[in-house]
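Labels A, B, C and D are assigned to the chains in the order they are written; within every chain, residues are numbered from 1.
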C-alpha cells in the first residue's frame, strides 16, 4: 500500500429491511409497513485496511435490532422509530460515531365492507411513500421527513414562454399546457422532536395545495411556491428540498386527420423529461449540520 | 425454405400508446389516462414470407387511430373505447380478421384545497390499474374486464394446516397468519354491452369484500370465494380468472433476544412467493370463444 | 354456493426460488444460477371449496424440493433439472396430475486476471436469460426451451414500405432504418430428451445469425426468417414462438439547426413500441399437447 | 412571501435523452448508445420567484443540443462529449454559471456470423453501464468516470468473523462464504483531459482483478483493495468512490432432508442486503471542487 493512499468517508449498514408490525391491542388491528435502512460510520479503518472486524457490528445484527425494536418499543411515527434506532447504535457501540437511519413507509387503508370499515382487512393506498432520514452523531440528532412519488397534474393554469432562444431552440411558447410531476420532497425539521404525524400531514397538505393553487409560469415557480408555502405555515420546518420531474404531456397533432385538438388529447411521454430541483429555506434556520448526509 | 415449415398463429400491433384526454366541457375538468395496445391478425402470410406489406396497416397508423378516436369519439369507459377500436380495424381493413385491444387505466383523484375539490388539479390514486381486453373477429365481440395490483392484507383469520407431508416438508402448521396478496383479476362478460362503469365498481367491491370476509384455510379457498362471490352477484359476468401471489409475511423469531413475538412483528419477503391461479365460472355461461386470446 | 358455479382450470406453486449451486469438484469452481418456479394442478377442488388441504403439497415444500434436488441430483442443464422436478411432483403426489416447472438461468463469465481465467471469480454476462418450461402429466413430458431479452440491432438493411394507407396513416415509407428488438423466443422440442446444452447454443446461434443476415422488409419477415432458420437446421425442434418488440429508433430532424442527418443521429424511444408475435412450425411436428400451457 | 424565506441551491435540465449515433464512415458501422442528462444552475431566482423565464434556456433546447452535438462534433468518449456539452451551456448562456452533464453508455458487441463479425449487426453486451459526470463552472472542468451494475461473485476466499456481539447478534462466524456484489464505482480524474477510453478500460480491469484477487475478511476490505489498486496503478485518478451492495447468498440448511450441504447449494436473497460505501483517495490529490455535486 502506497503511503499516499487513504480511506475517505465511508459507512456501512443493512439496507431495506422490510418490517411489518400488527398492533392487535385495540378492537381493530393497526398495521405499520416499513422499509428500514441503517448506515453506520466511525472508527472503521481497520476493517478496510486489514480486515480486522473488531469494531464492525454486523449488518445482520442491525437488521435484528430493527425487528427487536419494533417489538420492544413499538414503531410509532417513523421519525421516532428512526431516532430510537439512530441513538441506539452510536450510544451502544463505542467505535460508531454517526448513524443514519432511512425509513420508507407504505400506506394502507382499511377495507370497507358494506360501508363499515373491516377490523383487520387492509388495502394499499396510493403510490406515494412517506420517508424519514434521521442522523445522530452522539450529541445532536437531525430529522428530515419527506415523501416520494406523489404524482400530481394540473390540466390548466400552466404556461411557459419568455425564455431565451439560441440556435438550438425550436420549442414554441405556450400559454396553456398540462403540468404534471411526481413530487419528491424532503424537509428538514428545526428540532429533533415534535408531533411528527401532524407535521407530516400538514406539510403534505401545503405542498399539494400550493401545487393546485399556483398559476404556473414555470415548474420552478411552482417548486418555489410549494416550498415557501410550507415554510410560511410550518415553523417547525427549516428547509424544503424538492425534486420535480416535468412529466411532459404533448398535445397530439391531429390536423393530418382533419381534426382540431383544442387542448384535449395528449401523449404522455416517458423520456426525456425535465428535472427541476431546488431548495427553499429560512434565513434564520439553524445550520443543516449532518442532516442531509 | 423447406416446404414443411409454416407460419402459425401470429399478430402484430402497437403496444403501450399512452393517451391522456382532458374533458374541459364542464365547470370542472375530467381526465382519462390510458395505456392502449392494439394487436391485429389475419391474412398476414405475405409479410412474413416475402416482406410484401400490402396488407400490413402500420403500427404507427394504429397509434394514430388511438389518438384520433380519443378526439372523434371521446373515450368513455375503457371497454367501450376498446370495442370502438377493435371493430374499426377489422371492419376497415379487409385482410385483418381479428383484433385485440388491451387497455390499462390509471386512476386520478381530484385534489382538495381547503376541503373543496379543485376544478383542474389531480393526484394519482392507488397502485391498482383497471384493465380491459376486447377481441373482435368481424362478427362477435368479447369483453374481458379486470384489475391489476390491488394489494390487500388480512392481519388475522387466515390458517394453513392439514396438508400432506413428504420428505421435504418442514413448514409448521399455523392457525394464525397474515394473508396478503396483489389481486390480479380478469372477468369475462356474458355480452359485449352493458353499464361498464357500474359493473367494474361492483365486481371490484365484491372481490375486496370477499377477501375481507373469508376466514381463510388456504389462499385457494379465498380465491374461490372471491370468484364465486362475483358470479353470485353479477349476472353479467360469465367467468372470473384470478392470479394471486401469496406475499409471505414471516413471523420473526425474537426469542434469541429474550422477546416473545405474539403475532406482532413480521418480515415481508420478496421471493420466492406462492402463486395461486384459478378460474371460477358458471355452468351455463357462454363459450369463451376468443375472449382470452 | 349457487350450484351453477364451478371451479375451472387452476394451478398453484412456488414462484421464483433463487437457487445458486457451486460445483467445487474440479480445480476451478462452476456456478449455476437459477430462478425456479413450480406449478401443480390436479384434484384440488377441496381446498378451493372447503379449505381442506389434504391434497395440497405446500408451496414451501416445493421450494425445499428445489434446493434439495440441487444437492441430491445436481442441476446440469435446466431442461434436465426441470424434468427431474416435474416428474417428482406428479409421481410422488397422487392427487397431482400435472406439473409445470419454469426456470430462468443467469449467465456468468469467469473473470480474467492478467489474461488468465480466475478459478473461482465470476462476472454476470449479458442481459439475456436462458429459459426452460417443462410440463409433465404422469405419462408425457414436454420441453420448451427459450431465451429472453437478447437485445439486437441492425444499423442498416432494414426497410418498411408498400403498406396500405388509410385516413390515419402519416408514416413515411423508408428504405433505410435501424431495426432493433429484444428477442423473446421459446422453442418446443420434438422429444423430452436430447443434448440440451448443445441444442440451446445452436438455436441461439441460428436466431442471431438469421437476424443479422436478413435484409428486412418488415420485422415480421425477420421473425419468420429467424424461426424457419432454426427449424431448417435443428431437427430436434418442432416449433418456435417469437415475440419481438420493435424498439423504434427515430431519425432526429436536425434541419432546424442547419444540419443534415444522413442516417446518423437517432432518438431511441421507449413507448409506444411495435410488437410482432408469431409462431413458426413444421407440418410434420407432433401435437403440442400441454407444452405451452 | 415572508422576507425570511429564500431560494437555496437549485438546478434544472433535461434528464435521460436517449441518443444513438451510427458511424457509417468505415467499412463496418460503429454505434454509440447513450443516455444523457443535463443540469444547469446560475442566476435563476427570477423564474422561481416571479416566473420570469428570460434566463431559462428551455430543457427542450438542451435536448436538441445533445442531438445536434452528436452530429456536429460526433460523440467520441463520453467524458469528451460531456465536456463539450458542459462548456457550451455555460459559455453561451450568460446567466448559467455551472453545468453538470451525466452520461450513461450502453455497450454493444458485434454479432458474429459463422465466426466472422457482421459489419452492421450488434447485440447488447453485459448488464453494466459506463458513466461519466462532467461539471464546469466557467473556469474549471471536473471529470468523474464510473461504472454501474458490474455484478461479480467470488465462490470462495471470503470470510467474516471477529466482529463484536451484542444482545441482538445471532450471526454465526464464517470462514467460507460466497461474496457477491454489484459494483457501483465512480472515480475522479486529476485533470479534465486524458485518454478516456484507455483509462476506463484500465480502471475497470483493476477493479475486477482486485475483487478477484483479494482474500476477503470483510466486504470493506475488498472495497478498499479495489479502490487502492486503482490509485496504485492509475496516476490520472485522484479518488475512487465505491458503493457495494452485499448480495447475500445463504447456505441452505438441508439437514432436515438428511443431506449435507458442503458449501454447495445457496439461496440468493433480494432484501435486505448489506450496503458498504467508501471513498479511497490520495493524500496529494487536488481538491474535489464541484466534481461530486
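By definition in this document, contacts are C-beta pairs under 8 Å (C-beta built on N, C-alpha and C of every residue); 3 or more make two chains touch, one makes a residue touch a chain.
These numbers were taken from a predicted model, which means no experiment stands behind them.
Hopping across touching chains, the smallest step count from chain A to chain D is 1. When the interfaces B-C and A-C are ranked by how many C-beta pairs touch across them, B-C comes first. Per-chain Cα centroids separate chain C from chain D by 30 Å. Here the CA centre of chain B is 23 Å from the CA centre of chain C. With centres defined as mean CA coordinates, chain C is found 38 Å away from chain A. Under the contact definition stated at the top, the residues of chain D that touch 2 or more other chains are 17-18, 64, 68, 168, 170, 256-257, 270-271.
Listed in rising order, the residues of chain C touching chain D in the complex are 17-24, 29, 31, 33, 64, 67-68, 70-72, 108, 111, 113-114, 118, 120-127, 150-157, 178, 208-209, 211-213, 249, 252, 254, 256-257, 259, 261-270. Those residues of chain B whose C-beta lies close enough to touch chain C in the complex are 1-18, 37, 39, 44, 47-61, 63-65, 68, 92-93, 160-166, 168-171, 216-221, 223-224, 227-228, 231-232, 239, 245-246, 271-284. Taken in their complex, chain A has these residues touching chain C: 167-168, 170, 256-258, 270-271.
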